[in-house]
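First subunit A sits with subunit B, and in the next complex the same chain sits with subunit C.
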Partner chain A sequence: MSLTKVSLSNVVLKQYRYKLKAYTGVFMALMVVQVIGILLSIAGGGSGSFSNNVYTLDVTVSSSSLVIVLTMIWAFMNAILMTTKSYREDDFTFVSNRLSYNLSNMVFLLTACIIGAATALLSTGVIRILFYLIHDVDIFLTLTYQVAIGDYFAGALATLLYILLAATAGYLVGMMTQFNKRLIILLPVILVGLNYVVQSNANPGFVNILKFYFMEYSFTVFLLKAIVTILIGSGLAILLSNRLEVR
Partner chain B sequence: MKVIECEGLVKTYGSINALDRITFSIEENTITGLIGRNGAGKTTLLKVIAGFWRETEGRVKVFERSPFNNLEVSMNSIFVDDMMSFTYTLNLKEVLTEAQAFYPNWDAKLAEGLLEYFNFNPRLVHQSLSKGKRSTFNMIVGLAAKCPLTIFDEPTTGMDAAVRKDFYRALLKDYLFSPRTIIISSHHLDEMEDILEDILLVDEGKKVLQLPVDEFKEYAVTLSGKTAIVMQILEDKDVIYKRNIDLDSCSVVVRNNFSHESVKRLGINVSPVTPSDLCVYLTNQAKGGIDDVFNQSKSV
Partner chain C sequence: MAAFLSILPLIFIMIIILWLVAVNKRLTRKSLTLRQSKLIFVGYISFLLIATVFSLFLPSSEAKLIKNLTLREDMTDNLFMKAQQGGFSSIDQQRISQSWEFPYTGDSLTLSSDYYDEGILIERTNELKGKIEVYFIKDWQALGVNSVSMDVSEYTPDMDVEMTSDTLMVVSPEEELIIELAFSELAFPMKQMIGESQFGHGYSSSGSRFFYIRVPQDLQIEFSEYLYVDYVNN
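Let's look at the complex of A and B:
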C-alpha cells in the first residue's frame, strides 16, 4: 500500500470542517449567553434624572455592552474547554499532529469569535426595540449623524478584538494547565501574588493591565496592542503543546 | 521495506522503564501479534509507534520517519483501542462520514456493510454504546480506514466470542483483499494464531522473541515421563519451564533443538506446546505458579 502525501493546510482545513460540525455546543452556549445578556440589558440599563425645578428629565440608557462582556466570558470559557483532554482525543482519533490541532482550534475559535462579535453587535437593535416596547419612553434618541461608517467599522473591529483577546487568554491558560495540572492552582496564586507584590500607590497592580487594553484611546495603538498580544499568546500555546503527549 | 524500525527504544515514566532498550523491526504487509503480559509495555510501544507519545531514548522510525508529531505518519496509520474517542454531537453514521474525509483509502462500502452486519443503529452516538459494541465500532473504523499501518491495541476488549470470531475473519479477509501492515496486541493468542504471520513477544519492556508463527509453534516441546529419566536428559537442554514435578513423574518445557527419537526411546513423551502457553512460560517472572502463593500461605 502506497503512502499518502499530506500538507499541513489540507489537514488543518479538514479538522476545521470537522470542528464546525462537531462543536455545535459552542454556538448553543453563545445563544444562551447572549439571550441572557439581552434580557439583563433591558431589565437593567443605566438611568439618571436631571431637574432644574421647572423641567425634570429622566434619562435611561441602553447599550449592548453587557452582551459584549458576556460574549468575552463565553469566548474565554470555550477556549479553555477546547484545550481539555476529551476535545484533544477527538482530534487525535483521526489524522492530526499537534500543530494542525492547534491551528484548526485557532481558526475555529476565530470563526466562533467573529460570529459572537457580530451577534453581540446586532443585539443592540434587539435591545433598543425591546426597550422601547417595555419601558415607558417618550423620546427615543439614537446617535445617527456624526458617526461615520468608519467609526462603526472601528467599533466592530474593537469588539472582535476584545472577544479574541478573551479567547486567546482562555486558550493559553487552558494549554498551560494541560501542560502541567498543578498550574490550575499555581496560576491564580502567582497572578494574585504578583499583583500584591507590585502594588503601590503609584502602581495599582493589575488595574494597569486592564487599563492597558481597555483604556486605550488611540484606535491604531489598541489595534497594535491587541494583535501583538493575540499572536504572542497563540504562539506560546503552540510552543507549550508541541511536546504534549496525547491519548 | 521495513515499516517499523526500533533501535534501543526507551520510554520512561518517572523511574520506571516501560520500554527498556527494545530493538526490532516489522516488515511491510505482515500481520504481527504483539504478545506480552499485563504491563509488559505493549500499549506504550504502540503509542510511541503511532506518534502519540515521545520516546525517551533510542531510535524509532515508522515509514522511515520519526513518528512523534509527524503528519504523514498520522495520515498513513490508525491506532485502534477501546479508548477511542468520538464526539458526542455526531452519530455513528456521521462519524464514519467524517472519518472518510480524513483517510484517503477509506472504504465506505466496507464500513457500511460491517455497521449493518453487526446490527448497529446508525443514529446512536458512540458514548451510548456498550463496551463490546464500542470495540466493534472502533474495529470497523480501523478496518475501513485501510491505512498502510493499522494498529489494534487489544481490539477485542468486551467483545463476545462470536463477534471476536467475526472480527478475526473480517481482518484476515480484508488483509488478503488489500494487504497492509497490521499489528495486533492481544491476550487471546490461541484465538488469533491462525491469522498471524509473526509473533513479537515482549516482557518488562524488552523483546523476548520475534518469530514467524510456524517457527514459534515448533520453538519448544514438553517432555513428560518418569522424573528420574527426564531429569537425566535435561542436562544438555534449554529448560524454559518446569511444571508438575513430583517424585514419580514430571513434565518440562524445553527448547526444541534436539532429535526427538533419542528421547522417545527412553520412554519420554514429547508433545508440542501451544503458542499461548509458550508465551506464558517465556514471560513467567517468578518461578513456579499461582499455586505457590497459596501453598506458601498455607504453610505459614
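Let's look at the complex of A and C:
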C-alpha cells in the first residue's frame, strides 16, 4: 500500500509522456502514409484540356486533399489500435484507472492529429515541387489573393477537426469491438444494411451524414458540429471502456 | 507520358509492397530506437518545411475563376458574330490581342496559313488606301477543372502574320505547342471554408479567336479552301 497521493492529472500526464515515447510507430506510420499520399498525388487530382491545330493546353490539378484523406484513415486505424488489449495493458505499467487511460489516450491522439494535420498541410509544397519536375509545368495557377488569411486558418482548423473526427470514430469503433468482438462483423453489416434499407430517391442514406459535415460552409456551425460529435464520441467511448472487464 | 502517369500509382504501390516484403525480416529483427525514430521524423518535417519554402519560388500566377459561366453577359457575347455584323469598332480593345499594318498597293492578295484553322474575317472598306490592317482577336477561354471553371486565355499563344509580296501568311508560334499548367487546388477543408463546393464539375467553353483583316474596297482576295474565311456584312 502506497502513502503517496497522486492526482488524476499527474497520472494522465505520466501516461501521455510514456505514450509519446512508446508509440513512435504511430508517427513512423504517419510518415509512410503521407509519403504514399504525396506520391499518389503526383498523378494529379483531375485535369482539363483544350487542343486545336496550333496548340494544346493542359491543366492538371495539384492538391494535398488525398494526403489529408489518407491521414484521416491513419488516425482512424491508430485510434482503433489504441483500444486493443495489448495497448490497454501497457497502461498498467502505471497506477491508473479507466478514466486516466482514456484521457491519456485522447490527449495522445489529439497530439498525433495536430502533427498529422500540420504535416498533411505542409505536404502541399512537396507535391508542387514534384509536380513541377514530373509534369514539366510552365506555370502554377493559384488562389492566393482570393483566399484571406482567416480562411487559411479556418481551413487548417477544419483539417484538424476532420482528422480528429476520424480518430474519434476509430476510438469509438475500437471500444465497441473491444466490448463485444462480434461487433467487428456486425458493425459494418448493420451500417451497410441500414443504409441499404433507408436509401431511396428522396433519401440518399450515408450521403446525408457526409453532407452534414462536408457541405457545411459556415465555419462556426462546422466547428460546433465537429466539436459536439467529438465530445459525444469520446464520452461514449469512455462509458464503454468503463464496462470492459478488468485485467 | 500520360500513360506512364496513369500507371504511376500502381508502380508506387508495387514498390512499397516489394520494399515491405524485402525488409520485413530486418524490421522484425531490430526495430528503430526512440532516437532514430525522432531523427527520421524531424528530418521528414524539416524536408516538408524546406519544400514549402522552395515551392513559393515556383512560377505561379493567380487563377481566374469564372463563376456562373452561362450567366455572364460578356461571355454570351460572340465577338465573331458581332464583327461580322459590322460591329468591330464596338469590340473591347482589350480583346484585340495583336494588330499589324502593312502597306499594300497590289490588286489581289492571297491568304495562307501553316496550321491556323480558326476564323478569318475580312472587311472591305473605302477608308483604307494602299494599306492593310490585321487584327487578332482573342476572347476568353474557360476550362473546366474538377469543380471549377477558369479563364486560361492569357496562356494561349498569340499568332503572327507575315507579308511576302502578294501573300499574307498566318504563322503559328511553333509546331505542336504544348502549354502545361497546374492548378494548385486548395485542400478540401480549405475549399469548404471559403464556401466552394467539393462536388459538381466545371465547364469548358471558348469565346472567339479570329483574325480581322481590313482591306481596300476593290482588293481581290484569294485563299485556299482549307481556310475558314468570311466577309463583314456592310
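In this section, the second predicted complex is superposed on the first by the 236 of 247 C-alpha atoms of A that agree within 3 Å, B and C clash if a C-alpha of one lies under 4 Å from a C-alpha of the other, contacts with A are read in each partner's own complex, and residues count from 1 in each chain.
By our rule, contacts are C-beta pairs under 8 Å (C-beta built on N, C-alpha and C of every residue); 3 or more make two chains touch, one makes a residue touch a chain.
Because the structure is predicted, anything quoted here is derived from the model rather than measured.
Visitor: Taking the superposition as given, does A:V137 touch the first partner, subunit B, the second, subunit C, both, or neither?
Guide: second
Visitor: For A:S86, using the defined touch cut-off, is the partner it touches subunit B, subunit C, both, or neither? Pick first, second, both or neither.
Guide: In the superposed model, A:S86 contacts subunit B only, not subunit C.
Visitor: For A:D58 in the superposed arrangement: first (subunit B), second (subunit C), both or neither?
Guide: second
Visitor: Between subunit B (first) and subunit C (second), which, if any, makes contact with A:R128: first, second, both or neither?
Guide: second
Visitor: Of the partners subunit B and subunit C, which touch A:N242 in the superposed model: first, second, both, neither?
Guide: It touches subunit B, and subunit C stays clear.
Visitor: Is A:V11 contacted by the first partner subunit B, the second partner subunit C, both or neither?
Guide: first
Visitor: Now for A:K21: first (subunit B), second (subunit C), both, or neither, which partner does it touch?
Guide: After superposition on chain A, A:K21 lies in contact with both partners, subunit B and subunit C.
Visitor: If you tally the residues of subunit A touched by each partner, is the higher count for subunit B or for subunit C?
Guide: Touched residues of subunit A are more numerous for C.
Visitor: May I ask you to decide whether A:N97 touches subunit B, subunit C, both, or neither, giving the answer as first, second, both or neither?
Guide: first
Visitor: Please identify the positions on subunit A that touch both subunit B and subunit C, taking each partner from its own complex.
Guide: Residues common to the subunit A contacts of subunit C and of subunit B are 21, 24-25, listed in rising order.
Visitor: Taking the touch rule as given, give the residues of subunit B at its contact with subunit A in the complex, in rising order.
Guide: Within the complex, subunit B contacts subunit A at residues 29, 47, 51-54, 63, 69-72, 74-76, 79, 83-87, 89-90, 94, 98-99, 101-105, 146, 148, 178-180.
Visitor: For the complex, give me every residue of subunit A touching subunit C.
Guide: Those residues of subunit A that touch subunit C are 21, 24-25, 27-28, 31, 36, 39-40, 42-50, 52-65, 68, 119-126, 128-129, 131-132, 134-147, 151-152, 154-156, 158-159, 161-162, 214-217, 219, 222.
Visitor: Under the stated contact criterion, what part of subunit C meets subunit A in this complex?
Guide: 5-6, 8-9, 12-13, 16, 32, 34, 37-38, 40-41, 44-45, 47-49, 51-56, 58-63, 65, 115-118, 141, 143-146, 150, 152, 155-157, 159, 172-173, 176-195, 197-198, 202, 204, 206
Visitor: Sort out for me which residues of subunit A touch subunit B in the complex.
Guide: 1-6, 8, 11, 14, 17-18, 21-25, 86, 89-90, 92-100, 242-243, 245-247
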